[in-house]
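Each chain carries a letter (A, B, C and D) given by its place in the written order, and its residues are counted from 1.
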Amino acid sequence: MPLKKRLYEIIFEADTPRGKVFDVALLVVILISILLVLLESVPSINARHRSALRIMEWVITGIFTVEYFIRILVVKHPFRYVTSFYGIIDLLAVVPTYLSLVFVGSQSLAVIRAIRLLRIFRIFKLNRYTMAGKNLTLAMKASREKIFVFLFFVINVVLIVGTLMYLIEGPENGFTSIPTSIYWAIVTMTTVGYGDISPQTPGGQLLAGLLMIAGYAIIAVPTGIVTAEMIRSSPHQNTQVCPHCLHDKHEDDARYCKKCGGKLN
Amino acid sequence: MPLKKRLYEIIFEADTPRGKVFDVALLVVILISILLVLLESVPSINARHRSALRIMEWVITGIFTVEYFIRILVVKHPFRYVTSFYGIIDLLAVVPTYLSLVFVGSQSLAVIRAIRLLRIFRIFKLNRYTMAGKNLTLAMKASREKIFVFLFFVINVVLIVGTLMYLIEGPENGFTSIPTSIYWAIVTMTTVGYGDISPQTPGGQLLAGLLMIAGYAIIAVPTGIVTAEMIRSSPHQNTQVCPHCLHDKHEDDARYCKKCGGKLN
Amino acid sequence: MPLKKRLYEIIFEADTPRGKVFDVALLVVILISILLVLLESVPSINARHRSALRIMEWVITGIFTVEYFIRILVVKHPFRYVTSFYGIIDLLAVVPTYLSLVFVGSQSLAVIRAIRLLRIFRIFKLNRYTMAGKNLTLAMKASREKIFVFLFFVINVVLIVGTLMYLIEGPENGFTSIPTSIYWAIVTMTTVGYGDISPQTPGGQLLAGLLMIAGYAIIAVPTGIVTAEMIRSSPHQNTQVCPHCLHDKHEDDARYCKKCGGKLN
Amino acid sequence: MPLKKRLYEIIFEADTPRGKVFDVALLVVILISILLVLLESVPSINARHRSALRIMEWVITGIFTVEYFIRILVVKHPFRYVTSFYGIIDLLAVVPTYLSLVFVGSQSLAVIRAIRLLRIFRIFKLNRYTMAGKNLTLAMKASREKIFVFLFFVINVVLIVGTLMYLIEGPENGFTSIPTSIYWAIVTMTTVGYGDISPQTPGGQLLAGLLMIAGYAIIAVPTGIVTAEMIRSSPHQNTQVCPHCLHDKHEDDARYCKKCGGKLN
C-alpha cells in the first residue's frame, strides 16, 4: 500500500487500529498543549519553568504544523480540506504560537485547540452524541428568528434603561457614561449582578428593581422558544422512507405514508 | 407623478428602489445618532469633541424633524399616522434634542431612536421575523393573566421578606429602611445578587437562603407559563379529522391519514 | 331589609354597587396603610413626620379592627369565617399594630395587609385571573413530590459542597464556619452570587466553578418539572359533565364520555 | 425466631413496628450528628462546648459503626450489601470521624450522613416520591448526551473567552492568570457574578456583556433538553388504539373511546 494511502488511513480514518492510536495520541497532545498555555499564564509557575514551558509549546506546535501539512498532502481534495471547518481549526491551532514571535502573549490563543477535541466524538463513534449535537443545532436554527427578535428587544431595553439610569444616578454614583450604564443594565438584566456598579438613589433602585423583575420574567422567553422547538423536533419522528413515494419524515405512530397514502413497512 | 405621491412612495414604501435607498439611509443615520449620544456621554471624548458632537446631533435632529413633517404632509391620513405607534416613536425621536435646550442632558433620551430600527424588519421583508415577533407577542398575551398573578405573588413575597429582613438585620447591617430591604429582596430573589447589601446575622442568612432557593425554584413558573403557551401556539399540528377513521391530529403537510391511509379533505 | 343583611351585602358582596364601593375603598385604605409602613421606616421621613404617620397608622388599624368585628357579626357562620384563609389574613392585618405597644417596630409586619389585596380579583370579577391562579396552584401541587425530591438533592449538595469549601478555604478566606459555607453554597448554586464570600484558593475556585455549572444546569430540573405539569394541565381539558355518569373531566376533542361511553352534548 | 432474623427484621425492614421505630430513631440520630458537625465548626460554640461536642460525635459514630457491622452480620448477602449504594454510604458515614484522629478537621466530612436520610422515602412508604425520583433520574439519563455536548460547548466558550479576557484586561485588572480568567468566565456565564473580579476596560466590558447575554440565552438549552425529556416521559397518555375507530392517544383512565364511544380493551 503506497505511503500516501497509509498516511491517509492513519490520519483521517478512526476505525483502523493505527488510525485510532493516532487520534487518541493527538487528543492527549492537544490536552497537554492547553494545559501548557494555562500553566504558562500563572505568574508563580511561569517564573520558575518559563523556558521549559516555551520549549514544549514549540515542540507541540511543530508537531501540529507537520500534521497540518501532511493532512494537506495526503487528502484527496486539499483545497476542500483547507477551507473546511476542521481545516480552519487545524490551522488556527498553530498560528498563535508563530504570532507570539511578533505579538508577545498571543500564544495564549492556542487554547482554541480545544475545539479540535470535537474529534473525540468521531473517534469513539459517539454517534448518539453527534446526533444530539445535530438536534441541538437544528433546534437553535429553527428558533433563529425568534431569538433574533428577542435579542433586538433586549438590546432596546438595556439601551433605554441604561440611559435613564445615567440620567437618574449620574457619574457620582458610578454610572460614569451611557456605555457604562448600558453595561450595568446588561449585568443586571441577565441577573449576573457583579455589584461593581449599583444604584444608590431611591429612583435608581426602583428602576433597577423593575429591570430585575423584567429580566427574571423575560428569561422565560428564550427558554420557551428553545424548549418548544426541541419538543417539536423530538424523536416522535423517525426516518423510515415510504416505499412508494420515498417521502422520509414520518411520525413513529404512522402506519401509512401521509404524502401518498401508501402502506409503510 | 405629483411630488406628494413621489415623496410618499420614497418615504413610506420599501419595495421601490428609491424607497429602499431612503429607508437604508435612514437606518444608517439612526445608528450614527445613537452612537453620537453614547460618545457624547463619555467624559474623555466629550471633553475633546463636545462642539462637533453637538453640531452633528443638531443636524441629524433637523433631518428627522423635516422627515417627520414631510411624513405628515404626504401621508393619506395625517392624524392616523401621528397617533400610530410609528408616528409617536418618530416624534419622540426628535423631542429630546429640543428639550435639551431647557433641561441639560435630556438629549441622551434620543437613544429611543433605537426603536425606529424596527423598520429593518419591514425594509428587508423579514416576514418570518415579524411572524416570530407576532408569535412571541401572542404567547405573552395568552399568558397575561398567569404572569400577572405570578407578579402579584412575587411582590407579596419581596414585600414580606423585605420587612422581615429589616426587622432581623436592621439599619446597622445596611438594611436602612423597608424600601431598601425590599430592594434587597428583589435583588436576591431574582438571583441578581449585587452584594451591596447582604445579610450578616445567622438569622438573616437563613432567611436569605430560603428566599434564594425559593427564587431559584420560582423562576420555573414564568418559564413554564410561557413555554406551555408557545408549545400550544406551535403551528405544527392541525385538528382536521380523517373522514375514514376519524383520526384527528394530522400534521399540516399531511395529505393522507397516517392511520388508515384514507385521503384527507 | 334588616341592618345585618344590608351590612353583609356591603361588606361581603362585590356585585352590588354599595358592595363595590366598599371594596374599592378598602383596597385604597390597604394601599395607603402599606405606604405608611414603608415611609415610617425611612429615617429621614420618620424624623419629620413620626407622629403624623403613627396617628394615621392607628386610625387605619382602628378601621380594620371595626371592619373585622362587623364581618364576624354579620356573617352567617362566624366561626367558619374566622378560621377561613381570608379571616386569618384579616386578623393578622390588625395584630401587628397592637403588638407594637409591646414589641417596638413590630408594626412593620402590617405589610402582611398586602395579601388582602387578593380581593382585587374577586371585586373586579377577574375570573380568568382566579382561574390562572388555580391552574398555577394545581401545576405546583401536581409537581409537589418532584420538587420535594429536587430540594432534598439540592440540600445535600449545598451541605456537602459547603463542608468541602470550609475545609479547602477555611476561616482565613471568609468561610468562617460550615453554616456560613453552606450559606455561601446556596448563594452560589442559586446563581445569586453576592460576592461577600468568594473562594480565594485555586482548589476552592475549581470546586466553586463546578458548583456553578451544576447550579446552572440543575435549574433546568424545576423548570422542566413545572413546565411539563403546566402543559399537561393546559386547557385541553374542559369542564363539561357527562349527562349519563356525571364524570366531569373531558378533553376538548372528546365526543363520548371516556368513563361510560355515553354521548356528550 | 432466631436473633439474627429478628435483627434483620428490625434493621432492614421498615413495615414492622419494630423496624419503623428503629429507622425513625436512626433518622433522628443522623440529623443530630449533622447538627453536631455544623455547631462544632462555629468558633464561638466550639470554644465553649468543644469536648461535649466531640464526645457526642464519638458516641454517635460508635453507634453507626456497630450498626454497620450488625448490618453485615445479619444480611443475607454481606458482600452485595457492602458494595451496594447504601452499604458504601453507611461506611462513608463513619470513616470521617476515625480519619479525624489522623487528619484534624476531617470529621466535618461526616455531613455525608445526610445522604442516609434518603431512607426517609423508604420508611414512610413515600412511593410517589421514589417514583418522582426515578422519573427525574430517567429524564436526566435520557438527555445525557445532549447535556454532555452542551457542557463541551460551555467549556470551550469559557476557555476561549477566559483567555481573551486575560489578554484584554490583564493582571492589573484582577485577571491574574488564564485559569483565574476562566474562573471569572464561569462566574459570569452562569450569571453568578460575584464581582470579586470584573472587567474595567471598555473592551473587556463589551466582551463580558456579550458573554452575559450568551449565558442568559444559553441557559435555555439545558432547560429545553430536560423539559422536552420530562414531557416525553410524562405518564399521562398511553398508546392503546380503539378497536372500533382506530383512534389512539387515550388517557390512562379512559375505559371507552372518546371518539366513537366504543369499549376499549
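As a working rule, a contact is a pair of C-beta atoms (placed from the backbone, for glycine too) under 8 Å apart; a residue touches a chain by one contact, two chains touch by 3 or more.
This is a predicted model, so every value here is computed, not measured.
Ranked by how far their CA centres sit from the centre of subunit C, the chains are topped by A. Repeating the A-D interface with over half of its contact pairs identical by residue number, the matching pair from B-D, A-C or C-D is C-D. Judged by shared residue numbers over all numbers used at their interface, subunit A and subunit B contact each other through mostly different positions, with under half in common. Taking each chain's centre as the mean of its C-alpha atoms, subunit A lies 40 Å from subunit C.
Annotation: 28 Å between the Cα-based centres of subunit B and subunit C. For subunit C, the set of residues that touch two or more other chains comprises 150, 179, 182, 191-195, 219, 223, 225, 227, 231, 253.
Every residue of subunit A that touches subunit B in the complex is listed here, in rising order: 145-146, 148-150, 152, 155-156, 159-160, 163, 166-167, 171, 176-179, 182, 188, 191-195, 198, 202, 205-206, 208-209, 212-213, 215-217, 219-221, 223-225, 227-228, 231-232, 250-251, 253-263.
Of all residues in subunit B, those touching subunit D in their complex are 191-195, 223, 227, 245-249, 259-260. Here subunit D touches subunit C in the complex through residues 34, 37-38, 41-43, 105-106, 108-109, 111-112, 114-115, 117-118, 126, 128-129, 131-133, 135-136, 139-140, 147, 150-151, 154, 179-180, 182-183, 186-187, 189-196, 215, 219, 222-223, 225-227, 229-231, 234, 236, 250-251, 253-263, going by the rule given at the top.
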